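Note that chain A is present in both complexes that follow, paired respectively with chain B and with chain C.
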Partner chain A sequence: MVDEITGKVMHLIAAVKKIPEENVTTESTFEQLGLDSLDAINLIYEIEGEFNISVPDDVARSIKDVQQLVAVLKANLTGDTTYTGT
Partner chain B sequence: MANLVRAKISALGTYVPPRLLTNADLEKMVETSNEWILERTGIRQRHIVDKGVATSHLAVEASKKALAERGISATDVEAIFLGTVTPDMMFPATACLVQDKLGAKGAWGFDISAACSGFVYALQTGAKFVESGAHKKVLVIGADVMSSIIDYTDRATCVIFGDGAGAVLIEPADNGNCLIDFIHEVDGSGGCSLNMPAGGSLNPASHETLDKKMHYVHQDGQAVFKYAVRKMAEVSEKVLQRNGFTGKDVNLFVPHQANKRIIMSSADRLGLKEDRIIINIDEYGNTTAGTIPLALDSARQQGRLKKGDLVLIASVGAGFTVGAALLRWAY
Partner chain C sequence: MTQRRVAVTGLGIISALGNHLGDAWEAIRFGKSAIAPIGLVDTSNLRFKNGAEVHGYDPAAHFDSGEITLLDRFAQFAVIAARQALADAGMTIDSDLAGKTAIITGSCVGGQSSQDEGFVSLYQKNLNRVHPLTIPRTMANAGASHISMQFGISGPAYTISTACSSANHAIGQAFWMVRNRLTEVAITGGSEAPFSLGILKAWEAMRVVSPGTCRPFCKERQGLILGEGAAMLVLEPLDRARARGARIYGEITGFGMSSDAGHITTPTVSGPASAMKAALTDAGLEPQQIAYINAHGTGTPANDVTETRAIRQVFGSHADHLAVSSTKSMHGHALGAAGALEAVATLMAIHEQLIPPTANFTTPDPECDLDVVPNNARQGQVEFALSNSFAFGGLNAVLAFGAVPVK
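== the complex of A and B ==
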């Protein structure tokens, strides 16, 4: 079972990339999902809006997969904005 | 707002230099590929000037077409507002050079430096002089020769930009088919993300500035992309809402042509389908202040711009500058 935050993130990825939600797994890398650096910017922007957070650009640039994205988001939600998840 | 006089666009002319720079040409100049450029930007080709052709030349050609379309002579023009970041020279203003070349003897004017929002800012400036009753015929121009400030060894910027110009005539409107509203914003903290560092009073031209390539466009592409995606949608929504419209009412969305991916994600957020959006970046690349009039002209040529259509214009550019205009096409 994926938790609520992870589920929301996976839903947003599918929406941004316009792909079926079942294609997105917690193990997916952005490359596997066909997300390039510009898609990633769009995605992080959507996530910032959805969760009302702000991800610093250098942290955003380092995110390469779903797991890392969720980790960054969860850290950010607890006030740690510099965690890169790696 | 109870404005007695409203303003409208009454004519449009555009000009691009004939020479093409295609993705295949760029493949021979830098380490890039047609596929990468198309996928990341949507650009196939750009028009580039020959040596000795400057912004004023493009501006004059575009202006002549606009005046001819309206059937008036240059001496009827009362003011010229010209958006550009590539003036022929630091001074005099390119608007003055255009005034002379056009023979617009009765016109005053100046340049507006707002990068990719230059045309939208000039458009509001022109509209206000007409709405205030100060003038009845104002020429608003967006023109840039970006190839003059591009480093053709830097693949991150040289694939994006092209040269081009467009001009519109602003006159008083006698009905609701007019320039309705504008919203502009500046976030000067973004200045470092897109600029040409030298040639001004901070870093006057020197051997050092030349050696360090400081007379070229410097860009943090991702920072610009993120800001543009956010702001294009935000400012568009704001101007629609403020006038009682939603995305559904828009007949034509005319976004600044910086990157097809920026355009599509802004349009997505506004809930606009592709048949409501003008995209011609494939043909021209990013011509900075030239993109909006060039896009209006493409729409017109495709039969997609009709009298009474609600047109939403949006731009984001170096500065950062943000602009939006809402209008009903008047002819």
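== the complex of A and C ==
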């Protein structure tokens, strides 16, 4: 069972990439999901809007999988904007 | 019909490095980066704060009030650079030359400041009207049009917009037109003035702009730095230039283009390599004859690695004997004007036998293992050089330049 934030992230990934939600797991890498660097920027843009946060460029560029994205988002929501999740 | 050799006899430039050729070249010679805090736009809500802006610029010193109303900043730069280039070439457009002169310019975003102002009126101030000159100020061909009107030039005139390759595509077209007798003289280059909040926010969203400075090919590079300005070249047949005793900076010897046919923003190795090969073939040059490459060298993580690999693919072991520098480290990335600013730097390198440096260089990157002429210009004979431009959208344009011996 995934928590609410992780669930929302997985939903957004499916919506941005236009793939079935069941294809997205907490273990998925962006490469496995077919997300290239531009898709990743689009996804983080959607997440910034959804959660009203701002992700620095270097952190955004370092995100390569769902787990890392969720970790960055959760850290950002607690005020830590520099955490890269690795 | 035989092809003609094409000489460059006039250079004009207005850029962050200086508002004349002498100032700009002096800055390049000394590896002086013009990247500084942006003053044209309030950056308080931007993640990046630095740019390469034209300084000490007063439109009223160049245009009357009627002209200023008509010309966006990018078109003003185009006209100023064209005036300088024609004066530098010692050329007057008389009634004979008016119809035999072409104007081919490059611009990526056109008159963005004018468009931004119009949209602020519409969306923010709810005025329900925009300035009636918004369209003629914004259109990307405004620079070419105003150059034609300024000098009474009635030959072919058009503008090429291929993002960051715009100016190289424009100069390449002009080169081919002069070489193939489609025009006698050409004024060609690029102009850009992208410092408006709307465009800066769009670049911010791309996450390719450095929060600090521009460090091409450096391990610590964090992205590009936007720049503005214009550069124009006067092209004419070499025989004509010699006959009139013109000073010749060098010649354009070849032009090559390709498309990545890959991804809209991620560059490939094969596309840029194909364009470099095409330029060499067009120039009738072997890779070993090239001494210097003015790189596209944006300072983004992606470009500099793929450009290094493309250069290695084309030049093989000769890549270790090439000087490769990115002058964007000094004049910023002026988008549709970039290739024109870099053509000036490359021609001056040939003419002055001085290889421009890559400024702001701190730490080598093993993935960019070329001689990038770090921080200090270098004396060196440059008989032939390439200048690379690779655009978002995967459109690549490479110019080959050569020295012309004094006859």
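Here, the second predicted complex is superposed on the first by the 86 of 86 C-alpha atoms of A that agree within 3 Å, B and C clash if a C-alpha of one lies under 4 Å from a C-alpha of the other, contacts with A are read in each partner's own complex, and residues count from 1 in each chain.
The definition used in the following text is that a contact is a pair of C-beta atoms (placed from the backbone, for glycine too) under 8 Å apart; a residue touches a chain by one contact, two chains touch by 3 or more.
All figures in this text were calculated on a predicted structure; none of them were measured in a lab.
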| item | value |
| --- | --- |
| Chain C versus chain B on the shared chain A, clash or fit after superposition | clash |
| Partner chain in contact with A:I13 - chain B first, chain C second, else both or neither | neither |
| Partner chain(s) touched by A:D58 [first = chain B, second = chain C, both, neither] | second |
| Touching partner for A:I41 - first (chain B), second (chain C), both, neither | both |
| Part of chain C, among the options 242-250, 278-286, 332-340 or 368-376, whose backbone runs into chain B after overlay | 332-340 |
| Where chain A meets both chain C and chain B, residue numbers | 36-38, 41, 45, 57, 61 |
| Residues of chain A touching chain B in the complex | 36-38, 41-42, 44-45, 57, 61 |
| Chain B - residues contacting chain A, complex | 39-40, 222-223, 225-226, 229-230, 259, 261, 265 |
| Interfacial residue positions of chain C with respect to chain A in the complex | 47, 205-207, 209, 211, 222-223, 263-266, 301-302 |
| Residues on chain A engaged by chain C in the complex (per definition of touch) | 36-38, 41, 45, 54, 56-58, 60-61 |
